[in-house]
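First chain written, first letter: the chains are A, B, C and D, and each begins at residue 1.
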Amino acid sequence: MDARNFTFLFYGFLAAWLILIVYVVVIAARESKLRNEIERLRRMVEEREAK
Amino acid sequence: MKFLRLTLLIASKDLRSEFRTKETLNASLSFALAILVLFSFAFDPDSDMIRQIAGGLLWMVFAFSSALILNRGFAREVPNDCLDTLIASPVSGAQLFLGKTVANYVLLLLVEAVSLPVFGVFYNANWARRIGLLALVFILAAWALAVMGTMFSALTVNLRLRELMLPALLYPALVPALMAAIQLTNLLIAGDTVGKEDQIWFRLLAGFDAIFTLLGLALAETVFVG
Amino acid sequence: MRNPILYLFAAVAAVLLAWDLYQVFMILPDELNQGMIYRIIYFHVPAAMVAFAAFFASLVASAGYLTTKEMRYDSFSASAIEVGFVFATVNLVTGSIWGRIIWGIWWTWDARLTSMFVCWLLYAAYLLLRRAIDEPAQRARLSAVLSIFAFTDVVIVWKSIEWWRTQHPGPVLSIRGGGGMAPGMQAPLYWNALALALLATILLVLRMRQEAARREIDSLRRQAYAL
Amino acid sequence: MAAESPAVLLEGLWKYFGSFPALRDVSFAVRPGAALALLGRNGAGKTTLLRILAGLSRPDRGKVTILGGATRSAQVRARIGLLGHGIGIYDELSALENLTFHARLQGLAEPARAAHAWLERTGLHAVRDGLAREFSRGMRQRLAVARAFLHEPSLLLLDEPFTALDDRAIAVLQGLLREALDRGATVVMSTHQLREALELATDVAMVQKGRVVHCGPRTEAMLADPALLYRTYGEPL
């Protein structure tokens, strides 16, 4: 019982941290996507203004 | 009094155009009946089984078939920009919301009134033993469906994914009310009394109705006017 | 991550979490009935606290948006719900793992668990709704209304252990009048809640910057197509 | 006459979609009995402006006074007539039911009588019991015009009123607009049909990228050369 007890405690903490880490990764990925989108639109606005 | 006049005007307009075509009502009813038939094949309905699944089955049927009605409530206003015309007219957001809710409520009660006897026939259930309280459950829970459904269909009426968003929002929000309705329906169809322990479900239903009716009335104007 | 205050928050959170882990694993004894698994409470309960605090903050910000129409409130509200949603997920997952040991099952449909799951679904629907609306002001308005509606379920989760007899334990913390937990065991829980709250604040700030970037994208897009 | 308060008064109006300003510091007044034509390219902000006047949308900054009251107040809403892009007619209801519903909605004392009278005026009385969805396009449009006019509104808000109409409906609408102006009603309309609009208009406002760049009386020169304003403000038509 106690061995399983310990394993599951480990799983619990692991799962909790994993969820948080995944979220941080999601945020980071989104960050670069947003930055690219802003760049793209800025260029588009400049181009259209130049015309 | 003036508040109710315009509310009822909206409701009667909706009901009149629904009863003219009966499109939604027919679709919703045949959907409800189809589920009832399918389930009677899936389970071998003996009296013990009925005791356990009656509430769940009935409220699943109502919840799913009501989505058609609730979706249509505001979708009806979309084609010719009728919603804009209504919002610009002297009817207030709260009156419009309540009128739509009442119209949906009447249609939902109709679906329930047809489905319940059909359920009794298909499943050999003697559902009328505690008809008074059962009616109260249906009246309260149908209002919960109507009020929540009308609010969320007002929220989603102008969205691209209207038909997809409504169920995604509506069903989680309805869970407390549906749970209460299922528990009480199970008890009452089995002919049991509602003990002290189960009073909470009635309170939950009534509270749900009251809170969301008030929230809906308070926020309707915000939802309609951008 | 350029803001020094954020670094400070991160440092404090890290120290607190390390100290807490030390306390929880090295100092505190096993619980009488549960053995060592009870230690999961130090994540399970603070995660719920943080999630509910975030949802409440979003409720306030939503009301703020509806009265002032300031987009800042909308950014805050959306960010708080997303972060709160993550912590709600942590709460559900850790709870489920705990339940597997204590009750022998991953999940049971009692009032507490069900209402929490519904709460999770509702806020997931909120995040879905935001993606379905393109026009920023409309998105802000409608999601503010949904945030207000959804919060009623948080109240139900909160009160569920008093309203129903649930498999989930009743209040154990002394601040809610429960007495199930020794004071020595409660202190690390509060400290951990503080640490997670700091972590949530950092995530919230990062997330709000992204909302600002999104707003810029919206206006650039309008500009580009209006030219 | 000079002391009369304006029918529509806009002061420093801003409307944002996100951070994009669709209306930027719009201010003007329309005196009672005037017919204002809002000109401008698509996306200039004409529809946004009309939606704010109709109470369908709230400005983010600035003040709107309509017929001496605030938009969205019940008294004001009972006095405006709106004819937008959509016709605001229910397809499953008959012509008579549609008009009776709107007459009730507007709180008319004798809704049925008003409905019959307006069916008569728009030449739809013979088909009053036909469902709106069975009507031809032109008939539906005339029904929509009747719907917008039947409570004799003091302020008419028309968004591109001539665009979707056929000749007969345009004739009906023009007749009704003249009559409304004669009884002292105010008209604000956005339009691309320059000639029809300018013939009716007493005033003209030019909207460009959310700004009102010109607002003044309609002149004979404009009537003679409908594109004049567009050329003056450097906007190719």
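The rule is short, and it goes like this: a residue touches a chain if its C-beta (ideal position, glycine included) is under 8 Å from a C-beta of that chain, and two chains touch if they have at least 3 such contacts.
Keep in mind that what you see is a predicted model, and the values were worked out from it rather than measured.
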Selected interface, C-D versus B-C, where C-beta contact pairs are more numerous: B-C
Averaged-CA centre spacing for the pair chain C and chain B, given as whole angstrom: 31
Chain C and chain D: spacing of chain centres that average the CA atoms, whole Å: 49
CA centroid of chain B to CA centroid of chain D, Å: 38
Touching two or more other chains - residues of chain D: 58
Where chain B touches two or more other chains, by residue: 226
Multi-partner residues of chain C (at least 2 other chains): 137, 216, 223
Contact pairs between chains, per stated definition: A-C, B-C, B-D, C-D
Interfacial residue positions of chain B with respect to chain C in the complex: 151, 155-156, 158-161, 165, 168-169, 171-173, 175-176, 179, 197, 200, 204, 211-212, 215, 219, 222-223, 226
Contact footprint of chain B on chain C as seen in their complex: 66, 114-115, 118, 121-122, 124-125, 128-129, 132-134, 137-138, 141-142, 144-146, 148-150, 152-153, 156, 163-165
Partner chain A, residues of chain C touching it in the complex: 35-37, 39-40, 43-44, 47, 86, 89-90, 93-94, 97-98, 100-101, 199, 203, 206-207, 210, 213-214, 216-217, 220-221, 223-224, 227
Chain D-facing residues of chain B, complex: 6, 9, 13, 16-17, 20-21, 76, 79-82, 84-92, 221, 225-226
Residues of chain C defined as touching chain D within the complex: 69, 71, 135-137, 215-216, 218-219, 222-223, 226
